[in-house]
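Same chain, two partners: chain A is paired with chain B first, then with chain C.
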Partner chain A sequence: MLQYLKYLIPFINPQVRNWTWEARLLNWLTCIWLLVGLITLISASYPEGVIEHQDGFYILKRQLIGIIVGIIAFNIVTNKPLKETLKISPIMVLFLLLLIFLTTVPGIGKTVYGARRWIALGPFSLQPSELIKPFLVLQAAYLFARWKNLTWNIRGTWLAIFSLTLAGILIQPNLSTTALCGMSLWLIAVAAELPWPQLLSVSLGGLSVAGLSLWHNPYQWDRIVFFLEPWDDPQGKGYQLIQSLIAIASGGWSGSGLGLSQQKLSYLPIRSTDFIFSVYSEEFGFIGCLFLLLFIILYGTIALRVAFKSKSKIQRLVAIGVMVFLVGQSLINIAVATGSLPTTGLPFPFFSYGINSIVASLLLAGLLIRVAREGSKGKVLKLKIEQRT
Partner chain B sequence: MTTTGSYSRTKYPDKASLFTHQWQSFFLMLGISLLLFGGIGWRLVYLQLEQGERNSLKADENRTRTVPKPPVRGNILDRRGKILATTRLSHSAYLWPKAQKQENWQQNRDVLAKILGIPPQDLQKRVEVAGFNYPSLIPIASNLTPAQITAIQEYRELIEWVEVDIGKIRHYPQGELASHILGYTGELDAVELERRKSEGYRLGDVTGKMGVESSYEHLLRGEWGGLKLEVDGAGRIISVLGEDPPGAGQDITITIDVEVQKAAEKALGTQKGAIVALNPHDGSVLAMASYPRFDPNIFSSRVTPETWRELKKKGNPFLNMALRGFPPASTFKVVTDTAGMESGKYPPNTILGTFPALNVGGTLFREWNRRGFGPMGYVGALAWSSNTFHGQIGRGVGGKELIKWARNYGYGSKTGIELQGETAGLIADDAWKRRNFNNWGWTTGDTVNMSIGQGFTTATPLQVAVMFAAIANNGYRIQPHLLQNKEVEKVNLNLKPSTVSTLKKGLRAVVNGGTGGRLNVPTLPPSAGKSGTAEAPPGEVHTWFGAFAPFDKPEIVIVAFAEHSGGGGGSVAAPMVKEVMETYFNSTVKNKK
Partner chain C sequence: MRKIRASKLSQKTRLPKKPRNLARQVTLRLLLVWGLLFLCATGLAVRLYHLQVVDPVIAHEKAPKNKNYKAIARSQQTANLQLFTPRRQIVDRNQNVLATDRINYELYVHPALFIKNAKPVSAEEIAQSLATILKTDSPENLLKKFGRPGPLFRNLPESVVPQIRALQIDGLDLRKNYSRYYPYQDMAAEVIGYINKDSSREPKAGLELTQNNLLERPSITLRLKRSFLQLKGKTQPIFHPGELKRSQKLFQFDDLRLQTTLDLRLQQSAREALKAGMDKYKAKRGAVLVMDVWDGSIPILVCEPTYDPNRYNEYQDYSVFKNWAITDLYEPGSTFKPINVAIALEAGVVTPNAKIEDTGKTVVNTHTIRNHDYREKGARGKISIPQILQYSSNIGMINIMKQLSRPDYYHKLQELGIEEPLKLDIPGYTPGQLRDEVEFSVREIDAATAAFGQGFSLTPMKLLQLHAAIANGGELMKPHLVKGLVDFDGNIHYEIPSQSKKIWDSKITQTVLEMMETVVDQGSGKVSQIPGYRIAGKTGTAQKINQTGAYDETAKITSFVAIFPVENPRYAILAVVDEPKGRWTFGSTVAAPIVKDVIETIIAHEGIAPSREPEKN
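Entry: the complex of A and B
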């Protein structure tokens, strides 16, 4: 029993000093990312909490639950050999795939903002499309790393499962997560050196599916068009983006200071999730944004370094997959908030409020750190694992 | 590149292979990252550094609301500073549409309508015009009685969206006095609001609807101020940031003299008609009375249908008779004589015979005494108002000359006084007659008719006053006006001094021994004038009298007109002129001037 308590300890772990320097650095960077995100979330969500829940810390409290669960998962993953984690990934993918389809069943799926993405679990809700991200990375890495040794039977089965997953997320509807997952899978496949003709034909297929989705859900098309000219309908479709732009822009050089965002008071919609970056940039200004971008670049660079230093292809692919999910998703979120990309509902990893999102992000970060640990100096962890099991 | 696949160790890729597939994927990701970072970085520079200040302002606008504060309308004063129109405080009811919940609107609306004593449909319309999302208060009733205020408080729970506040209403302390000049104020209606929105008018704004209130709206109105509030996204007030006090409207002083105006209205009594008094040198109007009248205070609060019916009973109380055209009758003989002398055809010393009637192409123009007065000159003909004398002059100079001089005196066009609804009267000519009478041309009969102020000719009492002023001031057409110290034009008619002096002598003779004998009293300075009695079939005759005084140094021109009064100019209108003149020259009034 006592041995499991260590999983509750965030980041500070006596074993850390035995890790590779990349793993240690990533461990601390993740910790910083999480803390900065949490501070931003407190600031962004406080007014909303006061108005809607009569408790300024309502959202923080829920997010902390997510962080506790996420840190447990993070510690398990960083301490378990990747090999073992990989073993449960097919089961997890299939299980979460089932849940994704369950969200579309009326009575089980919970509808928020016109999309069925959640399964209600008492006061909390499960968002399988978030939770599946780390397992998709694992499974894709596992599949594509061995691609050339597999029969078309197996390849086909897994490709079908991936396609079903994407389709399930798409019909929720959640185009942005579908696109993110699709692009991540594709990039993992690219890194796995799959033949270009296969890669290109898959990407063509994906694009045509995206086109079809747009054709079926005009609201997505409106979003895509309106990010270009939000001022055409400032009270309607353009409202979210305009408020976000006003928030970001009024940050100026140095920002208004922590907690002093005007826009978060209630003009800015979904300020604790999709548009949390707008609050961050209003409060910390251009300098704060520059630091955040540099931070993400640093994180991505180290993730890539881990990928290239890794000893097996599967590890490399896992690292790349995590990098794409964490860094890519952050960049897309920022791009959306700044009006550089169409408005989509992607959370900012470690910043946005969302129990599922924070658990998934911590799991992803854990996988990356695990890969880093297994980098060149494998002997230390080997020993630890022997102790534990 | 080896691809053994399974989670067994693979060799670290050797250098040669790095530039193949593995690096392609690396470059791909690098490219995507650079694109995203570059795009976002550029976007942030643009938004935060270039647009920062502008958007900061926008964010400020986002959180501030201005609650408009209406200006206080300027007062209207008479030439001696007496208040004619002012603003008074009263309890008003306002509706706050945002606070109203739709469900019980109908029923609660009826409760409110009952308390205020207005039809529910009116209330409905007002809210609909503003829209249920109107951000500020809509005034719905003013001048609330204490009972109404209590009732509103009693039904508070049902009508919590009604606010009782001290409001400002227009007040005319003199009641009906000078109502045609002052006009009245009222709220903008929906159509007008739409039209004047660009000028900054808002729903419920009070504007001048008639008279000086309307003509000098731009001076009286003032500027809206506002209370700057900090609000949150839902519009809840967080704090008051500042106040921009409204700019009060200007007070304006008009040329009316309350005492003279009172005298004029008293002299007119309940006779339908008008009295105009003006200064012959600068054209300032001292009095302009018209009957029927109305009380402009009525319009300061909501007009009830009963009040409206009551008003309508009086005929058309909004019509300013001083600005409507009527046949000027014998007062027009001044124009005929001017044409006679100025044309050179009938110099001042002309003597003509007068007859029982003048035969013009088979039509008889009768002398009013049906006998004739024997031979007479201009002075005698004016004193006795001989029709045949003036008929001959008119016939002699011809229609064109007569029309020219009529127009020179200002007949046939608006004087340009600052009041709406002025008519131009009519000085007909050949073209006009052909247009209106089936292409029949101008005849000598028309000329003769015109020469005695009958036929097609109509003139407003104000125009007649302008004509008398031109004689009083030795030949200048002045522009009548109401705003004190207004710069106005004075047109020199270039009359020969002999013409002016002959006319003056004639007009003096009218008072001294002719039809205007009523003015020949020791209590008044010597005056000069001319009567007029216009046939107005099928009704009784209209009567006129126009005069100026003192004769040597004229200070005032007074014209009285009585519609369908019967009698004669000398017996009906002249006493009215006398009454006004007495007030004017009454020492107490005059000394204060």
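Entry: the complex of A and C
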């Protein structure tokens, strides 16, 4: 019984002191990221909760459920050798791919904001496009690490599965997640030293497919480039972005202070998920935003260090994959909120409300920490000693 | 080339921390991915600096002009609430409310929309129910009025509102308004004035006009944080008053009221007395003025005819709006004689005990001047100055004033300030008119007529002020109607200082006062005697100048001025009645009884003790 308890204790597992310093540091940085995100979420979601659910902590409570599930998953992943986790990843990718296609089936998929991304599961809902992220990292690492040793049959099969995944997410429609997954897969491939001609041809192919789709549906293009001039339709298409920009600009140097955002009261839509960064930047100002960016870059840099130190190519690619997903997704979210990228719904890891998102993010962080633990030969020896006892 | 490459490779292998098996290609690829993210983060930091710190003005035709995001945030997150600030009340000196703001309602009807419980209702039925509630019009009458544009009724009291709402009929629209209400209607209209009924609330007359800056409270604007709430499909604003700045107090207005010197009870009695007197003689108009001789305050100012300021818009005759006791000039006639006596005594040209020849009739510059009672009495011979006043002898007065050189006399009149504007706190004062100085000095007739109060003109208010100076020992007090701002407990918060100018020696005014007392005791002012009280007075019956510039034989202006009580003068009282009809219309018969009524009221209200035992007949 006691041996299972460690899965429930977040971050302060007694084994931690035996980890490599990168693993320990990442462990604590993840903890800080999670806590800061949670505090921001309380602030951002309280008025919304009061108005819509007569309970200011409604969203926090649901998020805590996600965090509990996520921490169990996190602890499992950090304590399980990466090799064993890799074994289940193809099955998980295929299973979640199936679920992604199920979301598009009427009656099973749940429609929110005009997109079928969810499968209703009682009071909760499953978002396979979020949960697939860690397994995509694993599978892509596995595939690209052994790329040279694989036949084109296997390469082609897995590339097809990846393409199907992207297509499945795209038709939900969920353009932003598709783009994020596509870019991340490509960057993992770049890190895997795949030859540039192959990389470039794939990226050109992807871009031309996207171009073709846009050329076919010009209204999509309008929607995508609207972020460049939100003031063309301040009450309609530009409303969300303008409100987000107003929130961010209101922050000034030092912000209005925790809990004192005005924009979150009613003006800013979807403030506890996609635009949570706007609330953060209104409350903490430019200084707070700079700290957050530095923090994210620090996290990414340590992930890079883990990648450098890792023994095998698979481990290296997992570390890079996690970095691309967590850091890249954060940066894209900030870019959307600041009007630097098209307005698309992508959650901010550890900040945005979303049980699936928080579980996926904790799984990704867990993978990175696992890689960090396995990075040093000496530490792995210790691990073995531990396992004996 | 090879050498260089080799050296690079060797450098790489020498790096201490790098794992042995990591190829240069791998390092580059990893750094490329990391660098890409780092660049994005740097770009975002620049973007955030631009948004949060630089925050430039947005240049877009649909964006608010010349505003940056912070300014847009301010304007959308805050709302200015303009609260209605009631105009200050006006109270009399006993805190009776003469003017106040109150809530009333306008009723609009839209017969096309008459619906009750989703069913149309006939206009007849609604007219019937409205008639029973309002009790002002018959149902048929109301039905006719339904078609007219604009509100069906204005100034509906709050009491009928719940009854009309209880009908639950669509198409009956009640709108809340604030209006100025004058509870005593016409009782003090000549002083209070009125403000426009429309939303401008522009002050138009009286104290409302001149004291506007004291009556208007500073308007309260609240800058409140605001957000919105979607309730039942409607967007409703939510205000956050808890976030008000400390400087913005919600109820920063005071309970101050503008206090006038008027005494409503005295004003009411004086008006009744004046109206009764005017009715008796079918007079055109009349005025009663009372001044407190010690501070210049005016407890009574009654002008007839007057108007009800609640219904100012219903009057066709605009002359009711003017307070003629201060706006219109008249020739004071005999009521000016005590003033002339004071001038002569002050100049030292006669002594109080002098005997003056009264020939009853004289010719000045071809004009024949007679005493008013020349036909009955003829020449009186040598008489004393008090007798001149008692009989109101014109010839006696001419002979007194003759002693004074005409330029000196003119300058004395000027010193009284007849031609100067009197800065009253109600609008419309007209300065009096004297003859041209050169004409007055050269022609004897001008000085002669001035001796008995004709040939120049002034307002009743100015004449009262001069008599008040006789009463108070020679101080020319500035009359005033505003006491200042007082709170609900009657404590004064802002007082208008009184002003005065010494014009006569107190010994001389005492002498004149006693002479005037004999007028009431033995002379033409007998009518105003009140047993036990010492009253000084002087009658006046002046001919009016008609439109051709000549004296009108039939149109007279009768007046009576009194000072009371003589032993310690407190009040100067003037009653003027214009164009009384009938044979026996003199100051002594028309105006003196009115003054007597007013004095009796003052005695009763102020509790003034008699100065001597009433004589028993």
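Here is the rule we use: the second predicted complex is superposed on the first by the 364 of 389 C-alpha atoms of A that agree within 3 Å, B and C clash if a C-alpha of one lies under 4 Å from a C-alpha of the other, contacts with A are read in each partner's own complex, and residues count from 1 in each chain.
One rule holds in what follows: contacts are C-beta pairs under 8 Å (C-beta built on N, C-alpha and C of every residue); 3 or more make two chains touch, one makes a residue touch a chain.
Here the structure is a predicted model, which means the values were calculated and not measured.
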Subject >> chain A as common anchor, with chain B and chain C clashing or fitting >> reply: clash
**OP:** State whether A:Gly300 touches chain B only (first), chain C only (second), both chains, or neither.
**Re:** both
**OP:** Considering only touches as defined above, state whether A:Leu245 meets chain B (first), chain C (second), both or neither.
**Re:** both
**OP:** Tell me which partner A:Ile314 touches in the superposition: chain B (first), chain C (second), both or neither.
**Re:** first
**OP:** Report for A:Ser281: first if it touches chain B alone, second if chain C alone, otherwise both or neither.
**Re:** both
**OP:** Using the touch definition from the top, say if A:Ala145 reaches chain B (first), chain C (second), both or neither.
**Re:** first
Original post:
Is A:Lys83 in contact with chain B, with chain C, with both, or with neither (first, second, both, neither)?
Top reply: first
Original post:
Now for A:Met92: first (chain B), second (chain C), both, or neither, which partner does it touch?
Top reply: neither
Original post:
Where does A:Ile65 make contact in the superposed view: on chain B (first), on chain C (second), on both, or on neither?
Top reply: neither
**OP:** Would you find which stretch of chain C runs into chain B in the superposed arrangement, from 186-194, 276-284 or 312-320?
**Re:** 312-320
**OP:** Show which residues of chain A both chain B and chain C reach, each in its own complex.
**Re:** 187, 190-191, 193, 245-253, 262-263, 265-267, 281, 285-286, 289-290, 293, 297, 300, 304, 311, 320, 324, 327-328, 331, 334-335, 338, 340
**OP:** Give every residue of chain B touching chain A within the complex, in rising order.
**Re:** 1, 3-10, 12, 21-22, 24-26, 28-29, 32-33, 36-37, 39-41, 43-45, 47-49, 51-56, 58-60, 62-63, 232-234
Subject >> Complex contacts: residues of chain A adjacent to chain C >> reply: 47, 51, 187, 190-193, 229, 231-234, 245-253, 262-263, 265-267, 281, 285-286, 289-290, 293, 296-297, 300-301, 304, 307-309, 311, 316, 320, 323-324, 327-328, 331, 334-335, 338, 340
**OP:** State the interface residues of chain C toward chain A in the complex, per the touch definition above.
**Re:** 18-19, 22-23, 25-27, 29-34, 36-38, 40-41, 43-45, 47-49, 51-53, 55, 58, 60, 62-63, 68-70, 72-73, 76-77, 225, 227-230, 238
**OP:** Over in the complex, which chain A residues touch chain B? Could you list them?
**Re:** 82-83, 86, 142, 145-150, 187, 190-191, 193, 243, 245-253, 262-263, 265-267, 281-282, 285-286, 289-290, 293, 297, 300, 304, 311-314, 320, 324, 327-328, 331-332, 334-335, 338-340
